[in-house]
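To keep things simple, chains are lettered A, B, C and D as they appear, and every chain counts its residues starting from 1.
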Amino acid sequence: MGANTLGHILQLTSFGESHGAAIGGVISGFPAGVSVSLDFIQQELDKRRPGQSDLTTSRQENDRIEILSGVMDGISLGTPIGFIVRNTNQRSEDYEHLKSVFRPSHADYTYDAKYGIRDYRGGGRASARETISRVAMGAFAKLLLRSFDVHCYAWVSQIGQTSMNRLPNEFELHQIYENEVRCPDSITAKAMRHEIEAARNDGDTLGGIVSGLINSVPVGIGQPVFAKLHADLGAAMLSINAVKGFEYGGGFEMSSRKGSEVLDKFIHNTKNNLLETATNYSGGIQGGISNGQSVYFRVAFKPVATLQQPLDIMTKEGNEKTILPGGRHDACVLPRAAIIVESMAAWIIADHLLWSGLDTIDKIRKAQS
Amino acid sequence: MGANTLGHILQLTSFGESHGAAIGGVISGFPAGVSVSLDFIQQELDKRRPGQSDLTTSRQENDRIEILSGVMDGISLGTPIGFIVRNTNQRSEDYEHLKSVFRPSHADYTYDAKYGIRDYRGGGRASARETISRVAMGAFAKLLLRSFDVHCYAWVSQIGQTSMNRLPNEFELHQIYENEVRCPDSITAKAMRHEIEAARNDGDTLGGIVSGLINSVPVGIGQPVFAKLHADLGAAMLSINAVKGFEYGGGFEMSSRKGSEVLDKFIHNTKNNLLETATNYSGGIQGGISNGQSVYFRVAFKPVATLQQPLDIMTKEGNEKTILPGGRHDACVLPRAAIIVESMAAWIIADHLLWSGLDTIDKIRKAQS
Amino acid sequence: MGANTLGHILQLTSFGESHGAAIGGVISGFPAGVSVSLDFIQQELDKRRPGQSDLTTSRQENDRIEILSGVMDGISLGTPIGFIVRNTNQRSEDYEHLKSVFRPSHADYTYDAKYGIRDYRGGGRASARETISRVAMGAFAKLLLRSFDVHCYAWVSQIGQTSMNRLPNEFELHQIYENEVRCPDSITAKAMRHEIEAARNDGDTLGGIVSGLINSVPVGIGQPVFAKLHADLGAAMLSINAVKGFEYGGGFEMSSRKGSEVLDKFIHNTKNNLLETATNYSGGIQGGISNGQSVYFRVAFKPVATLQQPLDIMTKEGNEKTILPGGRHDACVLPRAAIIVESMAAWIIADHLLWSGLDTIDKIRKAQS
Amino acid sequence: MGANTLGHILQLTSFGESHGAAIGGVISGFPAGVSVSLDFIQQELDKRRPGQSDLTTSRQENDRIEILSGVMDGISLGTPIGFIVRNTNQRSEDYEHLKSVFRPSHADYTYDAKYGIRDYRGGGRASARETISRVAMGAFAKLLLRSFDVHCYAWVSQIGQTSMNRLPNEFELHQIYENEVRCPDSITAKAMRHEIEAARNDGDTLGGIVSGLINSVPVGIGQPVFAKLHADLGAAMLSINAVKGFEYGGGFEMSSRKGSEVLDKFIHNTKNNLLETATNYSGGIQGGISNGQSVYFRVAFKPVATLQQPLDIMTKEGNEKTILPGGRHDACVLPRAAIIVESMAAWIIADHLLWSGLDTIDKIRKAQS
C-alpha cells in the first residue's frame, strides 16, 4: 500500500502541499447509502481551522471543502469520493528565506536529502495543513459510524506542565468543544490557556497530550496479527505531525505493575446478557480485538519546532546561521490537534468495523441474503 | 493488505497456531543475491526459544526452522521464501479445561466472539508462539541490512520496578545477549533476575520495557505521510503480544518540555562533510524520514496475564468460576521479548531501505544502469 | 500488493520452486466457520497431478497436501491457512545440463537477467508445478462457494486443430472429469487424444483453449473501475503458465459485429421476479459487475515449449548449441490445465463475493446485527 | 488494494462521475526529479477529448487538467500528485428519462443492483469519461519513461469489418495521430472512416481492435507469479470500458499451432552483445518477464451499446419499454480508444520498471550509493 493511503477496506489517499493549489484526497471503499451532510463535514473542518481563536495561528483560511464525486443528492454512491480544500491565503514570500536552509527539528533537511528537492513554502507536504484531509476523512467516518452508534472523542489532557487527571464521563465529553483549548474541564482549560499565553509571550512553544476514547465499540472489531486494532490506531496517531508516543489502556504505567494487580476480571451483565470487565486495563482490546469495553488511549505531542525567537539554522552549504523565523505558527498545536486525533480514531474504527463483516461465513451469508 | 502481512516492499505473510502443525510464513520481495546463513537464522530463533534458561517457560521445543523455497546454495533467488517451524511439544491436554471458558486479560473471549470458534489450545493464534515467524523474518532482514551496515539492537531496560537508565554505548550493546535477562548492564540484570524470581515465587507476573536502537540508518529512509518511519515502527511494535505503548526520541516526556529546550540544533561534521545534530530528541527521524542520527524507541509490555494462582474465569454460559491455570508460562516475557523487538525493527528498516531506492528518478536510473 | 499474492479480500500468498523442498501458500481472509474437507482438496489436486494418465508427464508425485494452520476439527478458524505439498520425486540431475544455457521460449533467460541467479532445476519458480498452490487455493474457494451455490467449470474446448463448438449444458459439464482429456464431449475428446498422441510421436507439442463457465453468480459481484470482475478474471488466467490470451462473453468475435446485433435485451422472469437477458453477449458482466447471467470466458494456451526434438539453445556466453532436452514434460498441458483455470475462477469469484458484502451500509448493518 | 487504485509501486487512485463536479485522481509513488510538462499532458488529454473530429461525440468539453500538488516549478516533488478535470458541459437533463430504466448492455442495472442507488446522468461512474484519469496518468508515465527511452504506441487495427494486417514499423507508428481514425495506414483509415459513417447513418454502432506496441523495454521487467507483465497489462486493458478480450504475442492464434512452429530461437547480436530472438511469438515476455524484444498485444472492443435507434429498455418495475436514446455518443469509440490503451500500457510498464529496481541486492546498493 502506498505511503499516502490509510486503511484496509476504507481507504483515504491524500495529497497536497501547504502552499500548492489545494489539499485533498480520495476516499475509496465508502459504502453506498450513507447520508452525507456537507454542513457536518464543514463543521468538523472548522474545528481544526487556523484563526478560529486567539490561541491559534493568524493564518486565516476559510478551508471550504468541495466534494467532487461519490455523493449524489446527499447520499453516498459507493463510488470513490474525491474532495479538495483550496489553499487561499498563501503568503509564500514569507518563506523565501527558508529556500536553502534547514531549520532544527523540522523536516526541511530530510525531505531535501530524500528527494533532492522540496517545497520549502510553509513546510510543503510536511506542513500540518496536510491534516485537513484527515479531518475530512474523519468526518465521513463519523457519518458512517452513526449507523452503528459508535462515538469517538479526543480532548487535550495535558499542555506543558498542566494536566487533567480526571477520568472522562459523558457530561464532560460534551464540553470538549465548548472552550478553545479543547479540554473538557473548564478550570484546567483556563490554566492551560495561561500556560500557552506565557509561552507565546516568551516566543516559546509547548507540547502536550491528547487523550482519546471510543465508546460503544461492538465486540470483535480488529484483526490479528499485524492489523490489531491498537496497532492500527497507534500507527494512525504516530503518523500525525509532531506525535512522539502512543499508549492504550494501562499504557506505559502498566509496565511496572504486577499481573495480579491489572487483570480485567469478567463480570456477567445480566441485564443485557453481555460479558463486561470489572476494570479496563486492557483498554477495550484483547489480542488486537475489541471486547466491548471502551477503547481509550493517549497521544504525546512534542512542542512546536518553530519558535518566535532567533533560530540557529543550517544552510545547504553547511554553514550555521541565525535567522528570525517568519511564517505564522501556533505556540501550541494541542487545541487544534484534538479534532485530528478524533478523526484518525473514527477512521480506524470505521475501517475495522467494515472489515469485521467478513469474519465468518454466517455474517457474509447474512449480508448477501 | 491482509491482516497477516507486514511490510510494503518486503512482506511477511505469517500463519500458525500454537498447537497446530507448524508456525511459518512467506517472505515476498526479498531481493536476489543475498547470502542466507541458515545457522544465523537458527541462532536468532534460539534467542526467543522457550526453555533456554531457568527464567523462561519449561516448554521445551527445538524450534528448528526449515526453509522451503527461495534460497539455493545459500543465496536468495528473488522468489518468495517459505519457511516453517514445527510445533513438536504440544501438550494440548493441558488446555482441555480452557475449551469453554474465558480467562481474564487474554484473547479467549474476543476470538470466540469474533469468529464463533477458537483454537483454545495454548492460546491458538494469539499465542506468543506466533512470534517465531517474526524472529525468522527479522533474521532475514538482518542478513539484508548487513549490506548496508545498518544494525538493530533491543534490550530490556525495565522489569517491574527495576530499570536501567544508562544510555546505550557500543560496549554495552554487545553485552545484551551475555546474560539471560537481556539487560546489557550486568548489575541491573541481576536485580531484574531477583525481581522475576520473587514474582514467580508468588505465582505472580511482571511487565517491563524493551528499548531499541538502530545505528547507521542512512539519511532519507521513511515515507510521508501515512508510512512515516516511526509510524511503521510503532505499528510493528504494538502488534507484538502484550505491548501497551510505544514512544520514540523524546517520547512522552517531551510533552511537558518547552520548544526551546528540545530543538536538535544542526552541526556540520567537517570530517565526513555530513550534517549531524547536537542533540537527538527527534530520535533520528524528522517528518517521518531518517536524518542520519540513531533511531531509538521504547516499547512497554504489560505483565503476563496467566498467573500461577487461582484465576477467576468466566464460562461461555456466563458463570464465574475459579480455576488453577495449567500450561507453561513465563513469569516475565521481557527476556524473550528483546529479540522480537529487535527483529521487528530490522524488518521495518529493511522494508523502508528498499523502498527508498525509489525516491528519485536519478536513483532509479542508477539502479537500472 | 506483492507479486506472489492474489486477491483483494481473500488472499493467497504462494511460494515454491519445482525442485525445492515444497510448494505451498498461505490463505488469508478465509472466513471462520467453513467446513474444510481435506479429502475434497486432495481430489482437486489429483486432477492436476502429473502421471494421472498416459497423456501426461511421467513425473510421478503423490502431491499430498498438508494443512499447517487455520483449520481445527474440519472447520476454518478465520486465521491464516498455511499449506504445503512436498516435492518428492525430484530428479534434479536431469537438469544439470540446463545450468548455464537458455532454452527458447522458456523463462531461463529472463529469470537469469532479472535476478542474476536462477534455480535451473525443472524450471524453478517458473515451473508449472507452481500451479499446485493455485489448485489448492481453488479447492478452498469452492468449499466457500458451496454456501452460495455458485459453481465453476472449465473444460478443454480446443487442442491444436481439434475444437468443440457445442455450447455447455449441465449434462455435459458433469462429464468434464470423465475422460482424461477434460473435454466433456466424448467424441471430440477422442479426436483430441489422437492429435496429442500424433504430436507426441513427432516429439512435438500442442496448445489449445480452455473454456470456463460460472453458474449462479449473484447479481452485483465485481468492483468498478480497476477491479472489474472480468479484469480480475483475466489477470488470474493470464498469470497461468503458457496463457497467451483471454476473452469473455462475445470476446474478440464481437469486435466485428454491429451494436444492433449484440445488445442483450432484458426480459422479466415473472416466475422469480428477476431480470434476465434474452442473449448473453455480455458474458454475465456489465460495467465490471455481474448481472446474474452465466459468466463465461476462454483462455488460450500456447504449445509446450519443451519439444522432444533436438533443441537450439543459447549458452550464457552467447554461443548457440543444440541439445537433446531431458526432463519429463507433457506433449500438451491442456488436460491438466482445465482444473487450474477452474481453480482460478473459483478464487476470483469467491474474493469478489466476499467483497460485495461491503457494498452498502444496509448490507454491513445486516452482517453486524 | 482498493478498486479505484491501479499499480503496485506507481499507483493511481481515480475518482469521478460523468456529470459530477470533476474527474480526477491521485498519483502516488511518482519519483522526484521528473520534468513535468503541463503542455504535454494537455496534448495527451486532447487526443481522447470528445468533439475533436466529426467522427466523435458532439459533447464539447475543454477537458483542461489542473495539477493540484506534487509538482513545483515543473519538477516532480516525490509527493502525491493530485489532479482534476472539471466537467463543464453537463446536459444532465438529457438523461432524466433514464433515471428509472435499464438500457440493454449498459451498467445501469448492475450498478443499481449492487449499490441500491446510481448516478444515472451520462453513465455516472461507468461513463467512458472516467478514462480521463487514465490518459492523465498515462501522460505522467510517459514523462517518466522518457528517462529510459521506452516508448508506447497504440493504434486502431480493426473497425467492424475493416482491418489492417500490416505489421508496425517506425514510419507508420508516427502516423497514428495523423488521421482522426488513429489507424497509421492512411488507406485503411479511409475505409474505416467510411464504415463508421455508414454505421452512424444507420443509427448503428461498431466495435474494433486496438493494437499496442512497447519498444525498447529493458530485459527483466515484470514479476512472477501473479504480477506477470502480461497479466498486469491484460488486467489494465480489460478494465477499460467495452473491452472484451486481450491477447499478446502469438495470442489466440497460437493455440492451434505446433510447438515446433512457434519457438523463439535465440540469436546473439554481436554488435551490442545482447541476446535477441529470431521470431517474437512470445510478445517480448517469457515467464512474465520482459526479454528485451518488443512487447505487443491486441485489445478487443465491443460496439457501443447506445444506438441511435428505438431501444428496448426495462423499467425498474419490470416493464419493457421502447425509448429513443438521447445523450451524445460516438458511433465507434475506437478512434478515441487508442490513446487510452497507450496510456494504460505506459502506466503498467512504468510501474514495473520502477519495481525492477528492487530485483537484486546489487541494484539496491547501486541506487543507494
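In this section, contacts are C-beta pairs under 8 Å (C-beta built on N, C-alpha and C of every residue); 3 or more make two chains touch, one makes a residue touch a chain.
All values derive from a computational prediction rather than experimental measurement.
K.L.:
Subunit D and subunit A are one sequence twice: same or different residues at the contact, by the over-half rule?
P.N.:
same
K.L.:
Roughly how big is the turn, in degrees to the nearest 5, that lines up subunit B with subunit C by CA atoms?
P.N.:
Superposing subunit B on subunit C takes a rotation of 180 degrees, nearest 5.
K.L.:
Based only on mean CA positions, could you tell me how far subunit A sits from subunit D in angstrom?
P.N.:
38
K.L.:
Can you give the whole-Å distance between the Cα centres of subunit A and subunit B?
P.N.:
Their C-alpha centroids are separated by 26 Å.
K.L.:
Could you list the positions in subunit B whose residues touch two or more of the other chains?
P.N.:
Residue numbers touching two or more other chains: 1-5, 14, 29, 32-33, 78-79, 114-116, 125, 224, 356, 359-360, 362.
K.L.:
Which of the residues in subunit C come into contact with subunit B in the complex?
P.N.:
1-5, 11, 13-17, 20-26, 28-29, 32-33, 66-70, 72, 75, 77-82, 84, 114-119, 124-125
K.L.:
Which bits of subunit A are touching subunit B when the two form their complex?
P.N.:
1-6, 8, 14, 102, 104-107, 109-111, 113-116, 125-126, 130, 158, 160-161, 199, 202, 204-209, 219-220, 222-228, 230-232, 234-236, 238-239, 241, 244-252, 254-260, 262-268, 270, 273, 275, 277, 281-283, 285-292, 300-307, 309, 312-314, 318-320, 356, 359-360, 362
K.L.:
Quick one: in the complex, what on subunit B touches subunit D?
P.N.:
Where subunit B meets subunit D, its residues are 9, 29, 31-34, 76, 78-79, 144, 147-148, 218, 224, 353-354, 356-369.
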